[in-house]
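Take a look at this one; I'll ask things after.
Read from first to last, the chains carry the letters A, B, C and D; within each, the first residue is number 1.
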């Protein structure tokens, strides 16, 4: 038995989980319908795939949600996991699941997949025969991902950085790298059986004034870490910045560099896709305005030529959306994509050059770290603040970078902290904003800029 | 006055927490910010340790109810009658009316409950409440 | 007394109209608040002005509509006229107004301005102190426009072509030219008293597969006819084509040529503005989808850098919208414009060159007509089919031009009828579409293309 | 079979009218299309003149009600009991329910009423109605 398999046995032997029958699972994946693999749909590239978010505690309600989505002609079904499971607190998840089932009231903000187990969940997945995407935010997602893949969920979102820095306060980052290495290994292993399992990184991060250079660097790193383990289908992503031009520039640079770095690091045969997230920050509290924001995002997703869009709902500011509301959002998005024609291809040479220089400078700093493996280099870079995510709750994050919006809505870096930005790039960033005089005014401007879509 | 604040449970929404920290300081409070992902026991410990006047809990991701049901018990256990217990943010999974939420959380032992209330409105109310108590 | 003034006395002496006191009216306009002039707002050019459509039969309901609009922070108030008044059938309008007032039920699809009279209506206009735009569709709008200006409505939409070919079956076109000459003269006269009265052309025409070259030619002609009479503030307009790129191209060419032709024909001191109409064709019968379409149009209006946008509502497919629905549409549009930042400036050299060549060729044909005045040249050109509007109900229209959409949603000319298009332009148009084999398939494609937004 | 069609009143919405013309011809009817902006009297005259079997009126802009109230009267005046009277399109100002509209127009003397009904659905229904009558 291989070392990996031994590890898998230990991981999956958990009092809250199903008993894992790996042979049966391999058989299931080998014979699974290709329709269930998003990588299969990406290959066709005939349209921008639409995916909502959504998870309810009980099997019954989850099933009903999928039924609503199917009526709206959905492309990719989501499975969003509750926040207790995300922090591996299966006991609490179980308690709340029981309460939800007994009281007909949702006591969890997602589907507790581990507690439901793969045998049960697989029934739902094969019933709908659509690609499903696992959305969570879990630093140690090993058991969760094993359960997901065994259930027929063939896209796994997340990564050691993107599911740590925005989603955790003190989970050890070095452990997260190893746990995600495990996830990538398992995904790569199953990828040889049928269509590849798709891995997706979570570009929005904290969704709060994160500058594009940081987003892109982290996207490239997680892509390279996955490719290192043999993953063959990977999605990089980012969310609406607040300036259409900055979205376009981010997309152009991200696409270009993702392909370049993938090829440079042995991923020539890997398929790289682009995912666009509708606005991930604070939503307006008027649902009609939220609808407008959502539609604006759909158009931008088409303009930046994304391969998949992950959508929000008009309930975003209020709480987990109702199924009807969520399905309506899918229908609206599909309508706009169907009727929106003749999109221009846009470039901004100056902005793209500046952003590419910034990204390359940070990537060089990562590669120049003396550690022996990529993940250790990255770990050191984050620890020393060369990578720094604004508004991360995590204790390891440096929290020195400060950003603000310019008049066109672009996010600009006004304090670079320890980011290794070339002087001319930092000068360019600063040249775009008129900084208020007093510190209080700067803080007020930041608060205002966080609420750009209110 | 001393305020212990933070975000309860497995909730990692940090943006409001940072703003609350800044706003409380601007209003002259002495702030002990436990940050996100804080359990009820940690809050109570911090209140005891710092001899705080106010405990201001945030919750954004809908978890609060699961965590705060034992508050009444802890409150009497530690004899914290003088401390003002406040909770605010988004206090339910899914959309919920204030008229349902406020009495529920008051029954759990909170003095002030702000479901989907603007931060400054809430802090004004807290200051008013403090004055009336003295 | 001047000839014009004699004519005005005759026109305004109508059994259904107020008695006109011209001295008092001049005084009123001279002293009117500048806020009421849209030309005053255009000068500032600090934002894209938002204007809905809207007209109810009774004064009371019209007033309430304006109150709703004001709450939504509207920029320009509309006054849409009912279709009986449009055809000068004041008797029928009066009958239906009375019925509406008695039964609390709307028996008219707009505000019968002539029947209400300017003394009454002016109270409403000065109360709200906003620019108001007169929307009608009347070939002989002389009395209507006199009433409007006297009421404090300082933007007059329409023109001899754009309010004839789409809006009338057999009203004599030559008369329409003379009636609109009158309108322009009166507008020019009042323009010397205070801020200029703005004239606006109606670019959408029949809103049914009208090719951009026809739209632009007619915009330019109506602009020149108004300038000829001394109008100093003029808005050219067009509506969503169905391809974002074609909208951008149309805007770029229309803006460029409007300035060029205005300067060439003595209008160097005239201010020319661009108005964008949200989709004017058939709307989807799902109101959520209509909201999406409306928002898409708002974004395109900003992309094409319009000065004003005229909006639709989610009720469009069903009937005259409720006031609340209409006001919500204003609020949604204002929100999107407020949060939408960083728009790229887009050009397409090849498309723009082709479109400009087409327009210039038709304009040359107009100018080369041997008649002595511009309006007669235009009349002859329309009569002989050198200008031809698809789906016009008017008997004078040639009805030979056939258009269809290409794969990017662009409207392309597949039958040019008598349009004097240069060969290379027509070849370019045809090269873009794969025409179905059979005539039935072509007809089905046309029906399908009319319903592009369904 | 002969059909007189057109759009009633001061209504100039021509697109549906063109499609109806094409569709009726495709279904084998002999079509007399009066186009838009047609008064009730013109319709009746045309029916008499052409000895039509069906009168198919469209209305899109909300005016129909004002024009069609006198139909009952004209119908008996000219003794047109055998002719099938049909109206369709958008038959009210503002949004209105079919359940209100259909009986109202039937009381005006129409045999078939199609408020906001798809053209082909309506034409199918007309053909069925014709068959049943024979």
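Here, contacts are C-beta pairs under 8 Å (C-beta built on N, C-alpha and C of every residue); 3 or more make two chains touch, one makes a residue touch a chain.
None of the values given here were measured: they were computed from a predicted structure.
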Taking the touch definition from the top, what connected groups remain once chain A is excluded? B | C, D
List the centre-to-centre spacing of chain A and chain B in whole Å, with centres computed as mean CA coordinates. 31
Roughly how many whole angstrom separate the Cα centroids of chain A and chain D? 57
State, to the nearest whole Å, the distance from the C-alpha centre of chain A to the C-alpha centre of chain C. 46
Residue numbers in chain B touching two or more further chains are none
In chain A, residues with contacts to at least two other chains: none
Going by the touch rule set out above, what shape does the chain contact graph take here: line, ring, star, complete or other? line
So which chains end up touching which? A-B, A-C, C-D
For the complex, give me every residue of chain A touching chain B. 83-84, 86-87, 89, 92, 95-96, 106-109, 166-170, 206, 208, 282, 285, 315, 318-322, 391-393, 443, 447, 450
Within the complex, which stretch of chain B touches chain A? 9-12, 14-15, 17-19, 22, 35-37, 61-63, 65-66, 90, 92-96, 116
Under the touch definition given earlier, write down the residues of chain C that touch chain A in their complex. 242-248, 284, 286, 288-289, 291-293, 295-296, 298-299, 328, 331-333, 335-336, 339-344, 346, 348, 405, 407-410, 452-453
